[in-house]
Amino acid sequence: MLAACTAGGDRAWQSAEQLWQRRDPGAFAAWQKLDPSTANGARAHAALTRADAEYRRGIALLADEDPQARQVLESAAKRAPLDPELYLPLARAYRRRGLDERAAAMYEKFLAQASPSPEAEAARRELAALNDALGMPFEPPRATPATAWSPLWLVPLVVVALALAGWMAARRRGRRTSLAKLSAEHPELQPAIAFLVGCLRHEFFKHRILAVGDAVRAVACGDLAESERRFLLMRLFGGEALAVAWAGHLGAFMRVLGPRFDLVRLDPDFADASRDIAAIAASEAALSRGDADAARRVLAGQQRLAAFDATLARLALGLQHTIVDGALLSELAADVKRELGTAAVEIIVTPPVSAIAVESYRFDLALVIRNVLRNAVVAAAKGPAPARVAVDADVSLEPTGDEVLRLRVRDSNPESVPPAAELAEARGLALIRAALQRCDGSLSVEPGADGFAKCVVIRLFCALHDATEAA
Amino acid sequence: MSRLLVIEDGDEYAEFARVFLTDLEVTAAHSAADAIEALRTHGADALLIDLRFDRAPPSALVGDVESTAARLFGGDCERARRYLQDEQGTLILADVRAAGFALPALFVHDFPPRRLANLRRLYGDVTAVPSLDAATIRRALGGSP
Amino acid sequence: MSRRDLSILVHDVGKYVARTARNLPPQPTREMIDMLVRDLYELRPGQRASRVFASLAEFAGAPPLEDVRAMFGEIDGLEAQVRAGALAAVMRAAAIARDIETRLRAVAVGP
């Protein structure tokens, strides 16, 4: 079966390769469908990723009339097929350069494979405008018939439509949530959420939308230099279309985390951001012309998106920080007691003097503390009375300026754990060490004090970035 | 302010300073011991310190690997050595201060605000800039850009 | 990738790649161009900056930095002209190097 699977994978690769050699429009889709768990498939996907970055860079250089554009695009074309979605930014780059016939060809290639979307509509309008300029007749795929309608016919339809819209809006309000709430409800997904938010912030907001603030301001004041204009157009509208890039990031949330992370539908902040991004995407021609009113509207949208970006920054940083305080320690102690049912073991929690933020996901930290507490309670229960476990925490300042949290879990059993339990404990310790590695923490066992026989010390570096200052 | 002592494990900072901070007299040191000797012999008005010393031989590093491993890394000496290398600049500053030299110290690093505040609490006049930008560094050292 | 790992990426690559690029005057001297060449194409003995970046960025949990990889690709494409001292190529390579540092710093500072 393995041989059959391997043979099947090789055939798929050969077929995809042949499509590319013939520059068949279906080549990109064939490459994407290759199984990444096979050697050829893995190579193909890696090549697609690298080529994609090169194509985007080449398109941006093309729009900028940079002589390197051809070399970069040729290098990409030797590596893997072009994503047909990129025909649109390619068309816009040619148009910006005044190469209208080439631009028209790229628009048509894009529309040949595009499904209905705001981007496809924009492409149709731009192609129509281009063909008008070229003096060529153009029949839009969906021509609107010129039929006279009596407005009275529309009244009952409008009433029903409004009622339906109101009902759907009420349903949506009932289902509304937020990314912050979803993150709190799914602590096991927090590392992935923080990663995806980071990608969205760095690749989309910081690198594109928020990078052109000064240039947009210059348009609004009627004071834009040519180099600024090229930078503005390239950064905002060159490469992947804004709407497509935004949809890609949102799609990643759903693909990785599940359909409940349909953020535009469920989170009002994401819905508002979508509207602002669509408005900015639609302003390309106006900004290119130096329309000051359009620039002021874009600036207002940018300011709202900057505030949204700051909210995302606080969320992501907050996910990567966990507050260690009496409440957390008591909650975890109660969890372990409930789980083990060891009423005879007293767990004494001494909260830290003030709450301490550590650079760890809550999920990881809770796993570590629960495991250590569990081992301590089991050990104490097997030892002489009174069976006790004590938990406390303090912070020390290192000569490097770092602050280190030491979380001590002490138990009253003077004997080491019986051999039968060692293996289970070893597995638990392996999990603990893996979780600690992720946050640069460590664990050690020391002699106890104050009537406690043993002490397990968990060390974690404190978070020195304030989550509120993240943006 | 005219004399700058650069402390690093390579020569990139010193070369940058000689080419782009031409109004300053630049000397270089590659360890805490070198730096203290240079301060005793020639003196300086400010320090420009690299943070990571991954090219320095372990014997030249400030900080004991085993005790750092026991105190911070559950006995893991490899992680302790990397930590001492990664944060070596701050430990060199600690030695320089202990030797009695209180001159301003400048790091080129994006310290979180609380860490910079901690370094100031420990070592007095400490500043940090995010990049090797001559104008920014000159301003930080109290000169005009 | 922990915050510390990102910090190392910025230090080892971003800071040094932009060391000369951040400070070039409009008419750089040959000495400055030679410094830029070392920053971009000899960052470590026998290793160009793009190679150092690739080796440091290739591990689990690293954020996708394909745009930085592409920027390094462009810098590598300019090598012959930068070494020859062609002013436009020198300035273009310096601009990309500054962009790379800014990008890596932003990634290292926060999510």
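Letters are used for the chains, namely A, B and C, taken in the order the chains are written, and counting of residues starts over at 1 for each.
Going forward, contacts are C-beta pairs under 8 Å (C-beta built on N, C-alpha and C of every residue); 3 or more make two chains touch, one makes a residue touch a chain.
None of these values were measured; they are calculated from a predicted model.
Colleague: Measuring between Cα centroids, what's the chain most distant from subunit B?
Modeller: Of all chains, A has its centre farthest from that of subunit B.
Colleague: If you tally the C-beta contacts, which comes out ahead, B-C or A-C?
Modeller: Between A-C and B-C, contacts are more numerous in A-C.
Colleague: What is the distance, in whole Å, between the centres of subunit A and subunit B, each centre taken as the mean of its C-alpha atoms?
Modeller: Each chain's C-alpha centroid was found; their separation is 36 Å.
Colleague: So, what's the distance in Å between the C-alpha centres of subunit C and subunit A?
Modeller: Distance between chain centres, rounded to whole Å: 25 Å.
Colleague: At which residue positions does subunit C touch at least two other chains?
Modeller: 4, 109
Colleague: On subunit A, where are the residues touching two or more other chains?
Modeller: Answer for subunit A, listing residues that touch two or more other chains: 465.
Colleague: Give every residue of subunit C touching subunit B within the complex, in rising order.
Modeller: Listed in rising order, the residues of subunit C that touch subunit B are 4, 7-8, 10-12, 15-16, 18-20, 22-23, 31-32, 35, 101, 105, 108-109.
Colleague: Would you pull the subunit B residues touching subunit A in the complex into a rising list?
Modeller: 63, 70, 72-76, 79, 83, 87, 90-91, 94, 111-116, 118-119, 121-122
Colleague: Residues of subunit A touching subunit C in their complex?
Modeller: Residues of subunit A touching subunit C: 49-50, 52-54, 56-57, 61, 66, 68, 71-72, 75, 194-195, 197-199, 201-203, 206-207, 313, 316-317, 319-320, 359, 438-440, 465, 470-471.
Colleague: Please output the residues of subunit A touching subunit B within their complex, sorted ascending.
Modeller: Residues of subunit A touching subunit B: 397-404, 442-444, 459, 464-466, 469.
Colleague: In the complex formed with subunit A, which residues of subunit C make contact?
Modeller: Per the touch definition, subunit C meets subunit A at residues 2-4, 61, 63-64, 66-67, 69-71, 73-74, 77-78, 92, 103, 106-107, 109-111.
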